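Shared chain: chain A. Partners: chain B in the first complex, chain C in the second.
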Partner chain A sequence: MNRVTIEVRNLDFSYGAKPVLRNINLCIEAGELFAVLGPSGSGKTTLLRLLAGLERPSAGSIRINKTDVFDIPPAQRDVGMVFQNFSLWPHMSVFENVAFGVAEHHRNGTELEKRVDKILKMLDIAETRDFRPDCLSVGQQQRVALARALVSEPRLLLLDDPFSNLEYELRVQMRHDLYLLQRKLGITSILVTHDQEDALSIADRVAVVAHGTIQQVGTPAAIYDFPNSMEVARFVGVTNFLPGNVKHIESQLIEFFSHDIGHHRWPISRDAPSEGPSVLSIRPHALHIAPIDSFRDGRYLWLEGTIRSSEFLGEVVRYQIDIGSVSISVNQAHFTCSSVTPSGTPVLVGFDPSRSRLFPVSAEMSSVSVYD
Partner chain B sequence: MLFAFLAIYLLTFLVLPVGTMILQGLTNNEGKFVADHIKLLLANPVYVESLLNSLGVAAGAAVLSAVAALPIAMVLWRYHVRPSVFIELCGFLPLFVPPFVLALSLQIFFGRGGALGMLFQSYCDLDPAILGLPSVMLIEAMHYFPLVLMTLTMTTSAYNQQAKEAASLGSGWFRLMTRVFLPLGMPGLAFGMSITFLKTLDDLATPLSLGVTNLLAPQAFLRVSAYGSQDPLSSLIATLMVVISGLAWFASIRFVRQHVAFRNASSVSASVLLSKQQMIVGITFLGGILMLYATAYAGVALTSIARIWSYTLLPESYVLSHYLTAIHSERGSFINTLAYCGFAAVLDVVVGLVMAYAIDCAPPVWKRWLTWGATGLLSVPGVALAIAYLQFFRGIEVPLINQAIDASWFLLPMAFSVRGLPFAIRACSITLQGIPASYVEAANISGRNRFRIFIKIVLPMMTVGLFVAFLLCFGLAAVDLSSAMLLIPSETNAPVSYSIYLNMQSTTGRGAGSALAILSIALVTLSLFTLLVLIRRDWKTVSSFRKFVFTGS
Partner chain C sequence: MSTKTESRFGTPELLFGLSVAVLVIVVAVPMLLIFFNAFWVDGHFNVTDVVKVLRHPETYMALWNSLVLSVGVTITGTIVGTFFAWLVTRTDLPFKKTMKLLFLVPFMLPAFIGALAWKMLLSPRAGYINRFFMDVLGFDNPIFDIYTYAGIILVETMYLFPFVFIQVSGALERMDPTLEESARISGADLFTITRKITIPLVLPSILSGALLIMLYSMAHFGTVAVLGIETGIYNIPTLIYEKIHQSAGSFASIRTATVLATVLVITAAIILWLQNRVLSKGRYQIIAGKSFRPAELKLRGLRVPLFIFCLAYIGFTIVLPTATIFMVGGLKTYGLPFVSENLTFANYNHILFEWDLTRDAIWNSISLGLSSALITMFAGVIISYVIVKMKVRGKGILEFLGMLPFSVPGSVIALGVILAWSGKFGINIYNTVWIILLAYIARYMAFSLKANSAALEQVHDSLVEAARASGATMGQALRDIVVPLVRPGMIAAFFLIFLPALRELTVSVLLYGPTTRTIGVAIYTLNEDGETVYSAALAGIALIIIVLGELLIKRLVTSKNNS
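Up next is the complex of A and B:
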């Protein structure tokens, strides 16, 4: 299969007067599995439809292997697409559904049959060849949709939230299978999803989309560990936000002050915000709980608080801890027979400043709540 | 090209004829607008009386049918009894059976020669003939009552069981009915009532069967019969009917929301188990209604198998020869019906599909107006359309056969198709909307051309919907006697409904006419059942009695 690069430049799209996508710029490498992650209504499916040619952009360009595809209709873009609801034609058998896409180019019946059978076998659904879609399980339907998208050996595979209709176990299985298949075929693929687990677990790179613009592009770990905005930090994973003020002390140290947690200093990082109102973001699993009278390890900054409530989530126990007037979430790993600390217990909460992030707060943002 | 065909069709068979008819009634011989005809009409007490009678009878029939349907629908709703799809479809039977059959059936018992009519005459000194207008109103109300009941049931049941149960928590019966049931049922009630109003106003055969002529439709018919199609007063009466129907329909649009018309409650929520109490309520009410109609149609049913029947409660002896006579002697009218109604229905499906597609693709602002315009076609009465055709196409010769177009059968199927068009558009819209856009997009991406996508993907998925539209239009055309009575050039060109009407007017033909009516009703019921099987696509799901009558098991 051809390995193609995708370049999207200054792409805009509006439905009437309502802007849906604004100034989208992306560069997707050949053979990459690229995920577009965003909440409902963020414009991620529209981006996929623009790539497929099902919508026409208001401005900007889309290049596949450096060729502008603006005027190329969907059928000639050589893309395969898996729709969110699979969109299998109910009046056709599995074979007919899959064969429909290739019949135009390969009129030779035997060749067509071989090709369809091969893809059905590859996706482990050969036994469903003559079944109608309504006789298949959801997982099988998804494989048929994937087979239909892949059978014409497209240059680009577009996946519109393909796991959203699946139960958790099947979802994990299908995700893994898709990853292996994509690696085997080496086809450039774009996965659109609202589920961070889907995106972070299999994608080479992820673009986070919100309010019609790309907020950040990076590897899954970079997106999770180093979100570049509160929007991304809030959407990818769970985060505590502590509002306060930042002050630079000499060139090496930064001081964060908040009425709730007091003054704290730590070494300055490259992306530290300038002085002024800021928000300290710490992931719940980056916080530790220790008894109030225990030794305070110098590697961590320690805050004093009281446990308000706890949720048992199986792998972890999530505590809500009141520190001053704010409440933060702390995840503690759970092991067999370990007990849950009761509500009302005073505790120390420690964190490594290098595992936290500081975001500047603009005047506009400071008027809205920053608590997650 | 399709849109050009659509424009030509609508201009030639609707806009121009109706426009010409309206002008005919409002202009003089020189083509100037004058009020002379209006003055003439208003000066004649017969026409004023007919206008008031028509309004009274149509409104009365709509109100009566609603008054009868409301309490039954309330009870069925309160006890969570949902009729099955088949019963719901049977509620639409009145649209496919001409009301004059019910009129003639009741006349057999209650008329002057009928057993019960004689009893009334002897003991109450009550001549059935004096019940002219009220009897028209009662018969129309009785005829359209199942339609009102079912549209009401369908709209109120189109919400899930939990929502209904949530509403009933902490609410008394009266509060539940006034605050929940009535607002929910208003669209269905308004739709059923407006259809009853329009159909009653347009009905020609029922009043004529009962000897009632002081209504607008019979007056227009009588004037055209007496003075010819160019009579300006008949145009004015027909225009008046169009205006009244239009006003009535657009007044009801506020209450009839577009999505309601053919919504099927059973498709909305999952089946539930029916308790014993629910079964009793359901069977009592639905069975009661069925018995009432079986009794009402017993007159026609018994006449169709009676050798001699006069001045007795039941026939003295029975034969099946009327059916044989009907089948043999009326073979031509069956063929005519198949040809006219089949042609009209095919045309309706094609035009309806194009119009539904145009409405679907239109910008949102236009969509609303186009939908209103399409459903507004309902307000063109059959009598008015027939008069418009007779005037507009008068003297125009068909090139190859050298025959005047108004002297041929051609205008009849065209009138049928225009009358069935709003229903076809609605059915096609529902079918089109039922195909998710992503199905077509998936095919687009696969590289096929538009035509092949339509043939291989869209059309197969629309088959059932288009067949439903075809049956609907066919059925409506088969009973449209209002246009047929004016547009049939000769008896040999008559469809079945007209033959039933003609046969029933004579004493000797009454047996064969009744047999024809029973055969027609049986065919319509069979078609509805076929529809049910097509909708469910599985015979087993309708084979149990409970599922046959109720949604749920």
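Up next is the complex of A and C:
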């Protein structure tokens, strides 16, 4: 099987004087579906282009299967790439588009034809063989781009935000198909995307990239549950930030203080947060609402607040709740016929501290709003 | 509330009628008269006579020359334009941005002034370069004779290649670089990528630029008039000129001219139709979504030689002819060597302040340019408003009539105007400025319609509706919403007309009378009369006016964009 590992060491890249990527270190396992998730302008596409050989690193090294590829041009890296806008050649038929990738190596006509037809069939677009790309639906174009990338049986598949041009439903289906295909071929694949759902739903592991550096690498669940910075917590999923101050009371006990919610203590088990100005990050679904006079279960921390507004979203009702001077989102599961609590109602908001995260804030950051 | 509830025949219809009337008088009548005169003899429809005229050696040769010259210029212009476009977009040539601007300069310069300069440099006996080679270096024969097919093609190429250059460099810049990158990843080398991806993708742009060169060259008067007449090389426009001018309006010569004009119109229509097909069928969606710079070809050892070549080309085609014009314009007598005791400002002084002929010409060109630009700009706004915004039946006619002059060469328009307004309908304005003004309006209407309808299409109906919903009357909505948004289009239209009108030759040379020479005509006739020095001096002044005008637009446009 064509499985390769990829090692990226201390990689830097700049366009002229403008640094795009700084000190990138990555290790991608053979056969892995690896996602690089980041907002636009974070440098994620550049990383992919460096791996493809379309750009040369300013410093650092890229090794594919332990071979440094610095001097190897794209054509000899044996990679397939799907571009964001597919980049299908508009003057060639689907067959010619796909065949172009092999044509340069295999001039034997019938063998080439067999190979192209096989990949078209595998991707379920055999009937589009003689059409021009502009006659195809977006989904079909996507498959042609994938066929062109895979036809030469590359060792590594690079996907540059391939779903961004697709409608939501098609996108869900295409990424599931991609997942199945990747599992079937076992080809090491790197998916660059700005959409957390794309990354979290199909990738084995995800690297979150922002401002040209890798913020965190981990399985989708680890990234979601244990983001290692405010940046990652904010980018992956929705979360509430409560600014405050952390103090260590005992080795396994901390105190969090904020003007809005007062003093709260809870035990910690994992890595201890640092003392000083911090923000408490809690996902909306980790919070739940109870009537103001109900029994306060000791496993939870309870905050008193007032419902400001509510949004009915079907599966959940999302409440906006004022607690002191801050406002937080709470997702309450909706069941048939359960009613929406009206605005202005005083409520208790409870959460399990072990499902929250604490991030240290530097002095200047704490003065800036953390609710954007 | 509304004053025009009886909108059966309200403002829209009135405007529509007015627009149709203007276009019919200015465009349709002259055009129809040409066809009428060509095919209608003694009250009968007559084709055999047309064939007879076409088979006459004189006309036949003119058709042949037009074909040879325009095909030649198209081939060389396309090669030169494509090569330079590739050089400034896809290689690491030094100072690419500046070079790109320099390659557009020939567009500003009138080709016939260039032809004049090359005549001074390369005419077989008197040309300065040829004389240098013969007198100083001892050559027996002139090194190059400009009065030949090759000479004419060479000079036209210098001024027409930007048509291809603009189209191709635009296409190469807009082209999505990933189209080439994906081929690179697929294992193709640069040669294969160029052959199989890049060239097929920009081919529509190359062809469309080539067809523009062909259209322009086919209808081009100036260069052939300056360089060809000497040795009897006539193309269609110069033969039309010859027929009208020399034979003082005899019926036979008018007929020959109308037949030639008909051929010219049909050829132009075919070329434009082809261009339209190339553009609509062949233009691919290759515009980049997210742009990375395309890979630049490293010229390596060729980088400096190619850069020097570009500079030499620019020096040879722009600097040398321009300098020649100014130097010859300063000579005491044509043919003297360029040494300081032979140079004087007296010629410039004479044509600017003393000589009525040239002073009239400058005044005529400026006043004709301003008035035709103003009239055409306002007429263009109203007509495009009817075409773009109003729901009137039959506005397709307007569009057709307005765009017709775009495909009709200047000499044809001039001929039509002569046929229509020299007494046929009781109005004789031949030999007055008014006939030139009418012809200018007809010729430049298409420019105005293009600029104005482009601007009007940007003004979505909902903007006016929103103003009306906020309580504005129709008049207020037009004044406060539409006009400010369309103003840039109007200004663009004004300059698109004013600058070409300043240097116009093809139309005015057929229409001028004793006191109605334009700058172009004056330069041309002075040269014909052997007043080479004054001709060059006036050409020099024309160049200064043109460059100042272009700079003024640049300033207006950039200050608009910055505000």
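Here is the rule we use: the second predicted complex is superposed on the first by the 368 of 372 C-alpha atoms of A that agree within 3 Å, B and C clash if a C-alpha of one lies under 4 Å from a C-alpha of the other, contacts with A are read in each partner's own complex, and residues count from 1 in each chain.
Criterion: contacts are C-beta pairs under 8 Å (C-beta built on N, C-alpha and C of every residue); 3 or more make two chains touch, one makes a residue touch a chain.
Because the structure is predicted, anything quoted here is derived from the model rather than measured.
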{"item": "Chain C versus chain B on the shared chain A, clash or fit after superposition", "value": "clash"}
{"item": "First (chain B), second (chain C), both or neither touched by A:52", "value": "both"}
{"item": "Which superposed partner A:75 touches (first chain B, second chain C, both, neither)", "value": "both"}
{"item": "Partner chain(s) touched by A:134 [first = chain B, second = chain C, both, neither]", "value": "second"}
{"item": "Chain B versus chain C as contact partner of A:85, first or second or both or neither", "value": "both"}
{"item": "Set of chain A residues, in rising order, touched by both chain B and chain C", "value": "52-54, 73-77, 79-81, 83-85, 87, 89-91, 100-101, 104-105, 148, 152"}
{"item": "Sites on chain A touched by chain C in the complex", "value": "45, 49, 52-54, 73-77, 79-81, 83-85, 87, 89-91, 100-101, 104-105, 134, 148, 152"}
{"item": "Complex interface listing, chain A residues touching chain B", "value": "52-54, 73-77, 79-81, 83-85, 87, 89-91, 100-101, 104-105, 148, 152"}
{"item": "Touching residues (chain side chain B, partner chain A) in the complex", "value": "436, 438-439, 441-448, 456-457, 460-461"}
{"item": "Touch list for chain C against partner chain A, complex", "value": "176, 178-179, 181-189, 192, 196-197, 200-201, 284-286, 289-290, 292, 295"}
